[in-house]
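Report on the following structure.
Labels A, B, C, D and E are assigned to the chains in the order they are written; within every chain, residues are numbered from 1.
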Amino acid sequence: MAKLSLRGVVKRFGENTVCDGIDLEVEEGQMVCLIGASGAGKSTVLRCVNLLEPIEDGEIFLDGVDISVPGLNPQPVRRRIGMVFQSYNLFPHMTAMENVMLAPRRVYGKSREELRPEIAELFTRFGLADRMEHYPDQLSGGQQQRVAIVRALAMKPEVMLFDEITSALDPQLVGEVLDVLRLLKESGMTMVLATHEMGFAREAADKVCFLKDGRILEEGSPETLFGAPKHPETKEFLARSLK
Amino acid sequence: MAKLSLRGVVKRFGENTVCDGIDLEVEEGQMVCLIGASGAGKSTVLRCVNLLEPIEDGEIFLDGVDISVPGLNPQPVRRRIGMVFQSYNLFPHMTAMENVMLAPRRVYGKSREELRPEIAELFTRFGLADRMEHYPDQLSGGQQQRVAIVRALAMKPEVMLFDEITSALDPQLVGEVLDVLRLLKESGMTMVLATHEMGFAREAADKVCFLKDGRILEEGSPETLFGAPKHPETKEFLARSLK
Amino acid sequence: HCADGKTLTDGKLTIATGNPAYYPWVMDNAPESGNGFEPAVAYAVASKMGFEAADVIWVRSSFDEAIQPGPKSFDFNMQQFSITEAREKVVDFSVPYYSAPMAVMVAANAAETEASVEALRDLIWGGVGTTTAVPMLTAIIQPNKDPMLYADTADVAAAMQAGQIDAAMFDLPTALYLSAVVVEGSKLLGQFPADRTENPDQFGMLMEEGNPLKACVNEAINALAESGELAGIEAEWLQETTGVPLID
Amino acid sequence: MKKDDAAGKTRRQIYEEKLRRRSLLIAGTSTVFAFLAVVVLVPLAPGWEKVKASFFNREVFVETFPKLLDAFLIDVMIFVWCAPAITALGLLIALARDVQSPALFPLRIFGAFYTDIFRGVPVVLTVYLIGFGIPGLGLPRPFNSPYIWGSLALILTYSAYVAEIFRSGIEAVHKSQRSAAQSLGLTDGDTMRFVILPQAIRQVIPSQMNMFIALQKDVALLSFIGPVEIFRQAGVFKSLMANFTPYVGAALIFLAVTVPATRYADYLLAKQNKERS
Amino acid sequence: MKKDDAAGKTRRQIYEEKLRRRSLLIAGTSTVFAFLAVVVLVPLAPGWEKVKASFFNREVFVETFPKLLDAFLIDVMIFVWCAPAITALGLLIALARDVQSPALFPLRIFGAFYTDIFRGVPVVLTVYLIGFGIPGLGLPRPFNSPYIWGSLALILTYSAYVAEIFRSGIEAVHKSQRSAAQSLGLTDGDTMRFVILPQAIRQVIPSQMNMFIALQKDVALLSFIGPVEIFRQAGVFKSLMANFTPYVGAALIFLAVTVPATRYADYLLAKQNKERS
């Protein structure tokens, strides 16, 4: 049974159909990459999976259970699904450390003292050891995004959704972060990424989906999709992508 | 005479010295890339050049004229220097079109009608033809950044400062934008980029500067800097950067 | 005695006055001293009702507190309340203890105005909004410009000093006091005969609707009036009110 | 699953309709119960008849209401000329307090002083001091009108509050917006006018609405220095009839103006927010 | 060039010092001139002596000031018990108006109703209606105190304003903050409490300060139903002495409380802003 599966997911903003019948299967431990041009709907798919947007039609299953039933309490689901945003969305009134500790403290009822060592370790791994007590506004873009990743990881979710998390990072850190993603994958984490890092998608993904105008035009293993794309639009997109 | 030159520029935030004596020469028509880890001070250098931050010490010359004299009226200088920000900074209460038209209208006193065709063309070039009347919040990250670039270009500046402008773009658009930068360079525009696109820096830059902790540790042509870095820190940074 | 068991506190008579209590009705804002027309009447009534001076308790109340529904904090309330039909529907009044003529006070710049209703019509008028001067003003003078109305006599005086109004209407004792002491250069133009309106302005003691004490108070006031004591008190404290010319 | 084309409704639409129905039901019944409770229980209180006679007296209401409406025109007039002056002055003071140039530092000080004084002193006192005090200095007739000086007092006081609200709005606009505008070569004035202020004003509309509703009601304070507006008129009736019903009439008139005003402002705000998200 | 080590000052430091000196000079001279203008010119007005005697009368001031201070304690008392109740109730109403679940829709309606009514009706009327009306229903002695019911009237009115301000603050926090908190699995309650409210409250502090300063002054309205607080006391002295000086005394007392309070709030706000930028 697939860890996560989407069937005919439709999402509209007013007249604008942003997801137009998305079908997607993510197996336990798989890493699925969503690629596609800006505005294709990648971010929206991730937001729907995390129940941040109610969907107009279709279903979303987590471990075979329909989590898109209208009226379902979303919190227990969201706890099991971590998400990192394109635009960080750190809480500006809290230090980096407080940002990370908030959810584990409130959701799992752990104490600050309990959490501090393990979170400090995460910070150190992401090169933020000396930035733990800074406020988001005092951090550069790259530093902010790394704090956001730490924040999501601290919740130890079963599935992680990453929305272009490397966009604001310098190449050095992109490598570091992608290494972490690889480690996460080895440890069995199920992951869905919206990404522009074609190189990484090709190398590390189990499955790549090409989105255009709210539909998955083509999906498959990175070898087939990058090596021998079937759809002409996919070909064009890949051809025009650098590297 | 250099178009833009920095001599011993020092910038502090409280105790934190973010620029620690920056010397930099940018010749007319040159494209200079600043590279370096997150927090190295790249954004701050650009902000100082655009007189958005008063500097503690040192001088900045534009066409041989010291523009860092305390008390100088900064507007005429800023008009000659365009800047695109890491975090877009679009005006949320204006449509994309209004965002772009504001400065030419107010600074050069042009009318909306005069401006519309040329700006519409810029929008079309950046794949935003159908997004001109949208508000920033209605645009995806990539779309927002492209509007910000159009906004700066519409002022026809002599020098352009780009602060990681490709961070939020998908690979397809990165290529497109970098093409525009190449065109700009061919047309003789002087440019300073803070960038993580090592490939682009290597290919298109006239000079690359490696920043660390607010100092330029090493600078030179891309061939020398990427091919034979002298400083051990530069070596390490480049080695750890992907691609 | 007729008051037995009918007062707020047994054996005591609680009388309310204004906060502050105005000259010349009460001297020095101190009714306990018995100085002034109203305290003098109050103590006379109290003694007729069988209370020692020491048994009289003074409390303060605003006009609004006097007319609010529900239990009152006084047995009766004296602060120049005019008896009107409308008010009588809500509260009870004793028989009148004073009939007040209305007087016109004019500022220095209008001092030469002829004392006739026609001439007075052109002035800018003021008055205290909570008094019966207001209906009198509209009924008799019918000024050409809307009159200005104020919260108390001090504000009317200030407006006259600032040159914002030319004339104001008060009960005669108040007008005498204000023109003599407060508003420099002002003058008392004259008084209206008390029968000029259908209901002459008469002051009564205000009581809670259906207060059983009413009959007892009325009896006391009537007795004072018949014996001439009331006129004596009036002559003692409000003696200057005679000799002000009439307006017609 | 796919859309059920027979019913033409998706699962979510069905669920949302059900929710809507249920919440309407809850709202309806709870309102009815609350209403019944008040209507049935209050008249059982021993003093109800008296309270009714003095606060909700039909005759008094019918007699006084038309005259209260007349008097309300004066409030409206005063409001109509004060509100624009307050907005303009408030904005100027807010801008003075935001001046960046160190050479104009005295302006900032002046702005701070102004808001401190006029927010600190109760309106009534300002009305007395300016309304009686300045004309008392010896101004001739048309220029010593309580309308002029009373309005000035309101304008001074309220512009201090309004300035403070504008300033909080200006400060809530993120610094990066100023950077972006400046980097385009806009002057400080243009940056303020086209970039900062529109965002700041949008954000403070609810607070400013609060202020103007408060102003509409504080216009009543002008009655202290003479003008017979609705509040004084209600007070006069109250004294004459020893009855509080005229105040209830006045309250109804206020409600009839302020509630639609607030609702409309809220609607505008919601529309704006929706447009941009 | 490099730091001039002899003087120990950079070009910028020298420039900024010069600017500072110049602006202090301008501020100083302009203040002195404005002050002189007022002090010299006003007493030349023909009515000055009279205005001085009735607004700035030394004797009256000396006599009344201590008693005004005494009366001010009542204001302070009422403020002290009303302010927390207003904040709490205002916050609750704001939260009710922000409720997301459609099932709790009636709560939103109630919140909207509440703010409409109590912002729409002038405070004075609420004070009359509740302060005289409810005790008039026949409550026995300790429970018909004007302090209890007058305070309730203030609390009801002001909580409506305060709720509106809280709500504007809540809406000004960007939606993405809510998304981020929800994606971490926080409940709606925790999201509000730890993420939205702290940002919202920080933003509305200046507006709330305005409200509480206004409240401090509206406490005076309780005097309509009996309590002799500073305003009534000043009014009594004014009537008694036909002199407005007691109001000036009252204003000074208010200023002495409100100005430091505002300054302190501004300082806190500035400190917070600096910490985070």
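As a working rule, contacts are C-beta pairs under 8 Å (C-beta built on N, C-alpha and C of every residue); 3 or more make two chains touch, one makes a residue touch a chain.
For each chain, UniProt lists the protein as follows: A, B = Amino acid ABC transporter ATP-binding protein, PAAT family; D, E = Amino acid ABC transporter membrane protein, PAAT family.
Computed from a predicted model, the values in this text were never measured in an experiment.
**Q** So which chains are sitting against chain C and chain D at once?
**A** For chain C paired with chain D, the chains in contact with each are E, in label order.
**Q** Which chains are shared contacts of chain A and chain B?
**A** D, E
**Q** Select the chain at the greatest separation from chain B, using centres from the mean of Cα atoms.
**A** Between chain B and every other chain, the largest centroid distance is to C.
**Q** So what's the Cα centroid distance for chain B and chain D, whole Å?
**A** Comparing mean C-alpha positions, chain D is 46 Å from chain B.
**Q** CA centre of chain B versus CA centre of chain C: separation in Å?
**A** 83
**Q** When the C-alpha atoms of chain D and chain E are each averaged to a single point, how far apart are the two points in Å?
**A** The mean C-alpha positions of chain D and chain E differ by 15 Å.
**Q** Approximately how many whole Å separate the CA-defined centres of chain A and chain D?
**A** From the centre of chain A to the centre of chain D is 46 Å.
**Q** In chain B, what residues contact two or more other chains?
**A** Residues 87.
**Q** For chain D, what residues touch not just one other chain but two or more?
**A** Where chain D meets two or more other chains at a single residue, that happens at 16, 19, 47, 50-51, 54-55, 128, 132-133, 136, 138, 244, 277.
**Q** Which residues of chain C are in contact with two or more other chains?
**A** 64, 68-70, 158, 161-162
**Q** Who touches whom among the chains?
**A** A-B, A-D, A-E, B-D, B-E, C-D, C-E, D-E
**Q** In the complex of these two chains, what residues of chain E are touching chain C?
**A** 47, 50, 54, 128, 132-133, 135-138, 144, 224-226, 228, 232, 235-244
**Q** Provide the residue numbers of chain B that touch chain E in the complex, in ascending order.
**A** Counting only chain B, the residues touching chain E are 7-8, 54-59, 69-71.
**Q** Would you tell me which residues of chain B are touching chain D in their complex?
**A** Chain B residues touching chain D: 47, 50, 52, 74-76, 78-83, 85, 87, 89-93, 102-103, 106-107, 135, 137-138, 151-152, 155.
**Q** Under the definition above, what is the set of chain B residues touching chain A in their complex?
**A** 35-39, 43, 86-87, 140-143, 164, 167-176, 178, 196-199, 237, 240-243
**Q** Enumerate the contact residues on chain E facing chain A in the complex.
**A** It is residues 176-177, 179-187, 190, 194-195, 198-199, 202, 275-277 of chain E that touch chain A.
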